[in-house]
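Some structures are shown below for you to check.
Both complexes below contain chain A, partnered by chain B and then by chain C.
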Partner chain A sequence: MRKIKDDIIEKIIFFCGILSIVFVVLIFGFLIKEGISFFKEFGIVDFIIGKFWYPSANPPEFGILSLIVGSVLVTVGACIIAVPVGIMAAVYISELAPKQIKDILKSLVELMAAVPSVVIGFVGMVSLAPLVRVFFNIPTGLTAFTGSIMLAFMAMPTIVTISEDAIRSVPWQYKEGAFALGATKWQTIRRIVLKAAMPGIIAAIMLGIGRVIGETMAVMMITGNAAHIPHSIFEPVRTMTATIAAEMGETVTGGLHYRALFAIALVLFFITFLVNFIADLFLGRSKNK
Partner chain B sequence: MIKLNPKLSQKFAVAFLFCATIVAIIPVVIIIFIIIKNGYSAISLEFLTAMPTNGMRSGGIFPAIVGTLSIVFCAILITLPIGVCAAIYLNEYAKDTLLTRLIKLAIVNLAGIPSVVYGLFGLGIFVMFLGFGVSIIAGALTLSIMELPVIITTARGALNSVPPAFREASLALGVSRWQTIRHIVLPNALPGILTGAILSIARISGETAPILFTAAAFYLPHIPRSPFDQVMALPYHLYIISTQIPNMPKNIIFATALVLLMMVLSMSLIAIIARIYFRKRRKW
Partner chain C sequence: MKTNLYQNKMLIDDLSCFFSNKCVLENVSLSIIKNEILTIIGPSNSGKTSFLRTLNRMNDFNSDFSRKGNVFLDEENIFHMNMEKLRMRVGMLFAMPIPLPMTVYENVIYAPKRLGVIKHGKKSEMDAIVEQALRDASLWDEVKDRLDSSAMKMSGGQQQRLCIARILAINPEVILFDEPCSGLDPISTAKVEETMIALKKRYTIVLVTNNVKQASRVGDRTAFFLMGRLIEIGGTAKLFVSPKEQKTNDYITGRFG
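Here is the complex of A and B:
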């Protein structure tokens, strides 16, 4: 009797184990199904390199180039801020910070990850955007630049935590070896520790990028939502995620616009899959050392 | 090029890295400060327990709080057992086969999918295909799939930290594999699993994009009666009142943000304290 019960439970456990695969396939299948039916009516090339996103014009235009540019611009901007600051903070926390404040610093960095993105978006809208508008003397503070700053804050916890892990797991013999040769602490960090931790740090950067590209609410609230190709970082932009979130409510189920949004989701799915896959490869490499 | 004295350059470097760390932690402090400073004056018992009135421009946020709690509660009820079982499979049963590697790849991939894509998926499958409509259950299912990789990863960590000797001792006594897991491994991993679950609850309470098209209602001044009801939700409510409603009193928006923030942060804090407590009590 007990044997049968055990068997059934183990079957359930196995089923739950493969459920992740089922979900990924389901999500992918769903996006592909709607996406392909969209591409049949509206060519995939026009979709990717088309400059105009006018879903309610007649005939409608579904070119997502401006949305891709928007996403990339905001992401690159966020990375320029978050990557150097994040890595430096990770080095300080793991190698230099006094023991007593190490955990406090770490918890404070992680605290940022707990703040909901809609709250970050709201604060960015009411406090940072007016500052940007006045400081740079531009018509609106809701720009790609503002979005980049807020998103940099959101990517920071990911970058710091994972880089810190990578730096901490550098074998102590490496460091002792360098010290024995008369290197200072900073020389050791720069020439030995950072090099040894590099795969983990790259993984951290990739995961940070993944977080920023997929971010929706904050971006939708701060970047101004103008679907055009911007000339500078101080103009409003619109990202792929924000387009989906903002327009899904207005579409007719099954209509061309509805399927176009699924096609954008498909593009996002591919991008984040690639980014996370690369991160995972580097993470695996840093663990195998 | 001038070569700096190594000692001096070390001093500069440490100071510089310290500044970077401050830059990394100052934003969260500022954000929390801004919200508390502007929001606390509007917080009252009435604000927490009354229905919104005057087109949400006054009154309370009670239905939004209840809505969020019910969505999150349903979601964790669905995702926790599945996630823990999946973690048990990966940690206790799975061998290093192609299937296991595929499962791990799937988990990594699930973790990376943007939240708004989950929202679309939930809309397509739960709201439309399965016919749940925009409802608590559709939102909860969407959130539960999104949170699954996080639950699996933390539960796996907790199971993995139970020393192998515990399992071997039990197996040596002739206890079956499942009984060993049930009576030896799981009880020891429970604190870690629960901490992870609380952190997940905190995270999904603040999620907006996945419930945007699956559960959240713009304005619905009553309490849900069944899981198939549409509800107001706190994060969505914050989005609405801060972007869509003209002449919205600022202090009400800040107060709503404060309630959401406190809900999320207090749960994270509970999880962190629990983690420290259980780590100290651990006998191994």
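Here is the complex of A and C:
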């Protein structure tokens, strides 16, 4: 009897475990199916390096280079802001802050992670965008730069909390060992603590990037959504995610435009996969050392 | 200050230590003579580790810690010295070997490079420092072919000797050993002890140990701590054969502790 119970529970757990794999494979399969049929009709090279996205022109143009540039620009911008600030905040929280400040900061950062992206987008649109427009004296405040700042806010909680965990789990003995050699606090943090915590910090950055690159609602609201290749970060851009979200409702199911959006999703999936892969490579390398 | 036949390296003058107002060390005064191995024995809670950690101010990281009295290094009050400079002169080895998460080579060269002992280190110069430090720690022959592999993969005894090498690389004057062999097997222990004896020609060594036998093997002088007080200090041979205090006798013969 106990044996049977054991078996059943084991089966249930196995089923739950396998479920996530099934989901990913199904999603991937679906994307490939729709994407491939699009590529057969339109051509993958024209799709990737085409500069014009005119899905409803006649004949339609499906070039997503401007969308890729938009996504990359906003993501890189967000990382440039969020990564240094996030890591330094994590160092401050885990190594330097007095107890009370530490507790307050930690709960505030966690609270920040709970803000829905539409709220972030809304705040960015009504408060940050006018500021950017006036400050840089440009025609519109809805730019890649504005998007980067708001996305940096979204990525920061992830980066801070996970890096903070990694830094805190560096054994106290490492620090003590470095101090006993006459290292200053800053030398210890930079050379020992950050180095030992590096795998965790890289994982944190990658998760942050993952959040930024997949973010849809906020970027749709604050980047201006102009599908052209920008000359600077102070111009409106349109990201891949925003394109899918904005246009999916207008397409004919099974039509060329509909499948083009799936092809974009496929590209997006590929990029995220690449980011994860690079992260794993880094993590693997630092572990082997 | 009393004048001494020998040269005092460190002088501890009426030192008391407290952790959140609980007294862990009471009015300890003693001197540490240049180029000796002073061993400190005592049961746990005797304050011997707190004493050792005060000598290079490692206790200062603990915000509950406070102290009275003074410690002098070459007649200079250590509590008026720059903390990092002090620790470069008074190195410390811990109970658990703690290699830093890098290669063997980097572990040894870390401190000289970062702390500016060598400036704009030439490769040949750095190699020489690493080799010398590893030789002094009697580790060179075992690791010379794998300086670039991770220090974390070495055995416990090797790691502990690597930690010794790491301290030697910055050329301190005093080395504090905090139960350095408590996690090691007898053979590794013997090697660490040999290393310590070889090192006293150039360094002054203070060794805190739970192992009374070890104290009698390597110590020139031995101090016995109990409940935060210094009970007795004297030549190791004399202290082990004919201690002045009954408590010392009880401890070294294993009647308590």
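Annotations
The criterion applied here is as follows: the second predicted complex is superposed on the first by the 266 of 289 C-alpha atoms of A that agree within 3 Å, B and C clash if a C-alpha of one lies under 4 Å from a C-alpha of the other, contacts with A are read in each partner's own complex, and residues count from 1 in each chain.
One rule holds in what follows: a residue touches a chain if its C-beta (ideal position, glycine included) is under 8 Å from a C-beta of that chain, and two chains touch if they have at least 3 such contacts.
Bear in mind that the values here come from a model prediction, so they are computed numbers and not experimental data.
The partner of chain A that touches more of its residues, comparing chain B with chain C, is B.
In the overlay built on the shared chain, the residue A:F62 is in contact with neither chain B nor chain C. In the superposed pair of complexes, A:F145 makes contact with neither chain B nor chain C. Of the two partner chains placed by the overlay, only chain B lies in contact with A:P84; chain C stays clear of it. Touch criterion not met for A:W53: it reaches neither chain B nor chain C. When the two structures are aligned on the shared chain, A:I93 is found in touch with chain B, with no touch to chain C. With both structures placed on the common chain, the touch criterion links A:F30 to chain B but leaves chain C unconnected. Of the two partner chains, both chain B and chain C are touched by A:Q187.
Touch criterion not met for A:F282: it reaches neither chain B nor chain C. Residues 184, 187 of chain A lie at the contact with chain B in one complex and at the contact with chain C in the other.
Interface residues of chain A facing chain C in the complex, by the touch rule stated above, are 171, 173-174, 176-184, 187, 191-192, 195-196, 289. Residues 6-7, 9-10, 13-14, 16-18, 20-21, 23-25, 27-29, 31-32, 34-35, 81-83, 85-86, 88-90, 93-94, 99, 102-103, 105-121, 123-125, 128, 145, 148-149, 152, 176-179, 202-203, 205-209, 212-213, 235-236, 238-239, 242-243, 250, 253, 257, 260-261, 264-265, 268, 272 of chain B are the ones that touch chain A when the two sit in their complex. Only residues 56, 58, 61, 84-88, 91-94, 96, 98, 100-103, 110-111, 114-115, 150, 163, 166-167, 170 of chain C touch chain A when the two sit together in their complex. Touching chain B in their complex are the following residues of chain A: 2-3, 6, 9-10, 12-21, 23-24, 26-27, 30-31, 34, 84-86, 88-89, 91-93, 96-97, 105, 107-109, 111-112, 114-123, 125-127, 153, 156, 160, 184-187, 189-190, 207, 210, 213-217, 221, 241, 244-245, 248-249, 253, 261-262, 265, 268-269, 272-273, 275-277, 279-280.
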